């Protein structure tokens, strides 16, 4: 059992565990922790594949994002009479069928199309990255800017205004 | 690159300027800035529509119908923004909203001509984010609810598209441009490709609001401010339909056997037509009825998408006609409200308006007839060509379903005309101070005039002039 | 293959969460799981080298764009959730059923 | 003379123009309205006489126009071809019509709406002329329908009387039934011959297969039955008496009702080829003759008596036709026109005189109205068949011919003439003899009413001797007087008269002996009730069921139902929009899954 | 040289002029409308100099020769009589609605628009143009019924629009198949290239569906009574006078030429529908208690004659169909006009409430009697030649079964004369003692129509003379069996 596969398995376990907790936890804190774990694991994957920069971005964006999210969550989430925040889940068969069906169809579709193991990584420095963004992916970059502009204005509009 | 992206940049610039102006609380100016950007963008786009089609940086298409579509999108948006000048200049953050509208239109314009999966994804996302805010901006409980539901569904759709993108990029990637992916992929129609195809098809079907991905549209268009509903109902669909045919039938998935497009979009088309037509019959709310009818209209467009490249021009014309007409009827809702502040939003509540504001009512009637697909309006030529192509492709039953549905649609479009013209005004007509929104009204009248002109002119001049705008070769 | 199973599986778990979680906050979290796992799949497959002639950096760049996109989604979503909380004094999505029919 | 004759169309055009003139300028003309109205039949009479004087029974004047041809000629032409037969008919029509108009001057004086009345009379003259001078079946059919319309208008002259209004409709509808038969007959001929002019049809007739000829003949016969009020379409004529009496004299005694006989005589080349058709004609004629005569016996209304009498006499003519003697039929037609018109005008004078039609309220009028009385007696004698009056000769010829066709039918007709004499005597006594039972002051009408009576009386006396000449005029052989038949019928007539005279003395004998039978006879063998029960009520019910049951409940319900269905579908589909965001998202995902499944299915090649 | 195109342009200009004039005086708008409808007639008359009424083809102006122009109008022997009908009924409709008070200018503008659209249908030589006008007719009619109609106008207008729109929508499918498989839009080239059709029978039925609804044929007729009863007088006049004719015209102009062999194959169905319509329409008319509804159902019966005549597929049969159409196009309007005038005075159409009107309003009574006699097909009046020829030809084509339809002829007399007896004749209904008889102004349109009825009855060649060549050629084509 190679070190790669060990790392991979560990990260995979963490990611799955985190994701599942995020989706099923009744307690807000647990959910937050689960999500954190999931995101960290994702970051871990990036780094493990050599996409360090990607990992960094992921880390910053999400740690920030998730922290904010959690703060609001604890503020907003509906509380039980005892005062402990509770996240309810309505498990229903339709949702299960949809999720399960999607999983089955996609996985079967991809089976065979992809190799079993990761044989090569992505190694690239920030310099090349900049080159890409100012070169072939300039449009993407611009669009990203547009997107952020939209986000900015949207958030300001929605949160900035009093209840007009 | 600049040729391709220039118009969009102009629009975005206008939007950015609007944001700035809003910061100084110069809303009216902000609106005009946006309009100016749109107009400039439209003009440049029309100019470049005279060029032969090119693809710049493997990312953006331009020339002929592609630029033409962009121009049409911007032009319609410009008229609608002008029409919504008064409500915007009165709304809090009006300038910001105008900017959001401008951005979403720019994004739509990008999607329409994008030749890159990632650009498409970002464009769709930008449109969506703006749309959430614009729907929300009615600042009512209902609009907030609608916006957040819209968001939940949107997130799922984005996720699905992202999944599809991951598959394609992961397998054939290192670049997301159509040309590249297509080149690497060849005509391989393996399960991964078809899966990605469906996932992206779903994302687009959601964007245009086809059954069963339509639910957001009903709530959003009902509760959004009429002038934004006018913008969101039509323009994005035009962009999306063009983008769909490019993506699914002309580039990345062109290698798939046509059965795929036919079955996926054909079934969606039939479902949407039936759902929209039948569901619209039950609506009492004017805007919600229009939202339902929008689902049916998307169905007609999807007939074109199902046929594929051959129907591109026809489909584009059909959706463009829809965008104009939908803009008119939604904008009219705002005008009605300003004439009758105590209007409860129901169709019945429009009783007798035909006498009070004849020109407005007649223009609305024209737009409705265009939506029905009556001759002498632009809507007719759209349906005529789409169904014609479907027939010549051998799918006359598809055309027949659409045609019959458009008959049913008179059931609800007609109920509006009935209220406007056949019913007497209610006794308590003058509830609340009525000051008609001239801006909105004149915009509606103008759009109706466009519909008529495009509807009548081909009779004597032939269809060429109209089609030249939407020829994608 | 295990990568595919993990990521797609997580995606579907997230989807399930979106479809079943009652609280908008939790739904947001589930959405994060969906988008995150999708990103993971994207980068992972690229890393798996199935992609042909990858130019250096394009993968990371794409990944960055996707992350930004997901973040944007989250931000606007959060803003909406907050406005909902302000207006309705709750974030329970099942209590928002005024608009229907 | 010849010049006039050449312009055959004028005999239709002139009365037509005069009709329009009267209708338009009636109010202006005032009391002179009858003058142009008199000119119309006068012209017809003159024309007819001119034609008659030509002395040829062949076509003397003809002309036609392509009428229904889109391009070129296609055998659907309309035109005139005047031969002896038409000439005789023209004379009859013109003469009787003129006298009737004259009579109306007195009879109708003081009535409202006279322009309408005289215009209709002129129009009738035109239509009747067209009927008789037509060179083909189309022209005949046009005239045929138009006289029916005029009859409708004139019966309904006093249209505010419900009885009159209904009688008019009844007359039109009943004859229309016959007309449909005639129309189909034309269709058959058109299909077989491809040309509806007499010349072409009669030329082609011998070549046609017997079934076709029989079918065509029988269909024409149906038309004739309707017009001539023969069994089973006789029901309309008694009601038609609701019209003004002069009208009854002209249309419902002398001319229009005789058109059926004329039709068969005219299309003799066709009929003569089909023994079956002739047999049917004979049967119908016989049955009608005796049945109607019996009904006439029981009538208490003087005009009703004459109406049934007319039906009966027409039955004689049909019987003659059936027996193969169209000449005899025509002869009887001519004489009957004279003496029946005389009787009707006489009754009109009586009604005018004592303001009732009920025999019970008459009596002893002979002394009070001598001229009417005398002329009536002449007419009555002619009808009863007393020598040497006109009726005697014509009926003698008819009986003679029928005798040749078979004893059974001859016997029936003899019976019929017995009954005829019976009701004639009864009516005559009830009306003119014994003591006056009415409350009025009976008096003769003015000269305009007397003159026609005298003229007709003269004809009723003299015409019998002109038989040969008349027959020669329309080119039929005229058998010499059959003395055996003459003797027999005369004896029968006398017997009948005697019986009738006696019975009339007693108070309503028939009723006392056999009330049921009497009632049955008075109602014309209950035909009306039968028709009402068998045709009218079912038809009304059917049409109501078709409208309320089928049209509203089924056909329209289906159409309207589609809307309901659409709404139902809509209701089912909109129930999806529950307002639950997560359900919406589920639908979204489900759609994706479904499409994925579909595609993977398509992938395996549908 | 007068352009055929004016037949569409003049009424449209009239509509605009009407609206403009309406800004100043409603009464002025009336006169404007009258003038322009008469102008339409004037144009048509002046076209006679170019042989428009002797079966010649008079082409309109062709704009934009280079592109694919749909605008291709012409007058020929088949359209000329119907155009004449349109020209006749235009002024009649305007005069009939002289008393309209509510938004009169708009009303008259819509009438003129309707006239333009109908004229366009009859003029179009291009199938797309044909369809455009075909649908355009619905719009003014929809508003005429909906705004100026009677009690149930809302439902009636909706029903009228949806029902006929459904028919023409199906027709559109047929047109699309024809256009896109043959690759031409001019009717002539479609007829010429018909062999290219893969499934002519399908195309034929798709086309015929719309026209049978418009005609209307049993069992798709139920929109007609509702529309007629609720429509204002002018609307009923145009509806019965020209709109129904579009159905028969469409069959002769489009459906049969494009798929003649298919038509010949299913002609028996047309005969069947026609026969049923004749008897059914008459029988149902007999059960009506509403005078206007009675007339409406009589239309169904008359259109049955049209179908029966068409089914013979002979030149004379087609001529008969045209005759019946034109005749019904003057008789039904006369009756609707009279019923409308009665309704204006009494505000009811209940037959039972009338009686003896002939004594109270003689002119009106005589007119109605005249109309009834014309409607029952009395010789000398317009109804006779067509129905007579129909029976003759029908027997030639279908032999004895045609006899099954002849009861309709008796029933026609029955319901018409029943109406006269109940309304004009009989006891005078004191209720209407003070009723106004027709004024001179009322009489003008009545007399115009009456004159037309007599003329057509006396000289039917006036009509069939024009159409003969075309119809002959058409039946010849059917004969070839291709």
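Brief remarks follow.
Read from first to last, the chains carry the letters A, B, C, D and E; within each, the first residue is number 1.
Simple rule for what comes next: a residue touches a chain if its C-beta (ideal position, glycine included) is under 8 Å from a C-beta of that chain, and two chains touch if they have at least 3 such contacts.
Nothing here was measured: the structure is a model prediction, and the numbers come from that model.
Taken together, chain A and chain E share the touching chains B, D. Think of each touching pair as a link: the shortest run of links from chain B to chain D has 1 of them.
Chain E has the C-alpha centroid lying closest to the overall centroid of all protein C-alpha atoms shown.
Greatest centre-to-centre distance from chain A is found for D, with centres as Cα means. Per-chain Cα centroids separate chain C from chain D by 95 Å. Measuring from the averaged C-alpha position of chain A to that of chain D gives a distance of 102 Å. Note: centroid distance chain C to chain E, computed from Cα atoms, is 65 Å. Centre-to-centre separation of chain A and chain C, using mean CA positions: 6 Å.
Shown for chain C are the residues in touch with two or more other chains, namely 8, 11, 14-15, 18-21, 39, 44-46, 48, 50, 54-55, 58-59, 62, 65, 69, 72, 76, 80-81, 83, 87, 93-94, 96, 98-99, 101. The residues of chain E that reach two or more other chains are 162, listed in rising order.
Shared interface positions of chain B, defined as residues touching 2 or more other chains, are 118, 122, 125, 129, 132-133, 136, 148-149, 152, 156, 163, 167, 170-171, 175, 191, 194-195, 282, 411. Chain pairs that touch one another: A-B, A-C, A-D, B-C, B-D, B-E, C-D, D-E.
Contact residues on chain C toward chain A in their complex (touch as defined above): 1-6, 8-17, 19-23, 25-26, 28-30, 32-33, 36-37, 39-40, 43-50, 54-65, 67-69, 71-72, 74-76, 78-83, 85-87, 90-92, 94.
For chain C in complex with chain B, the touching residues are 7-8, 11, 14-15, 18, 24, 27, 31, 34-35, 38-39, 41-42, 44-46, 48, 50-55, 58-59, 62, 65-66, 69, 72-73, 76-77, 80-81, 83-84, 87-88, 93, 96, 98-99, 101.
Touching chain E in their complex are the following residues of chain D: 66-71, 74, 76, 138, 141-143, 145-146, 149, 152, 156, 159-160, 162, 164-166, 168-169, 172-173, 176-177, 179-180, 183-184, 186-188, 190-191, 539-540, 542-544, 546-548, 551, 555-556, 559-560, 563.
Against chain B, in their complex, chain E makes its touches with residues 63-64, 67-71, 128-129, 131-133, 135-136, 138-139, 143, 146-147, 153-154, 157-158, 161-162, 165-166, 169-170, 172-173, 176-177, 179-181, 202.
Every residue of chain A that touches chain D in the complex is listed here, in rising order: 90, 92, 94-95, 97-99, 101-102, 105-106, 109.
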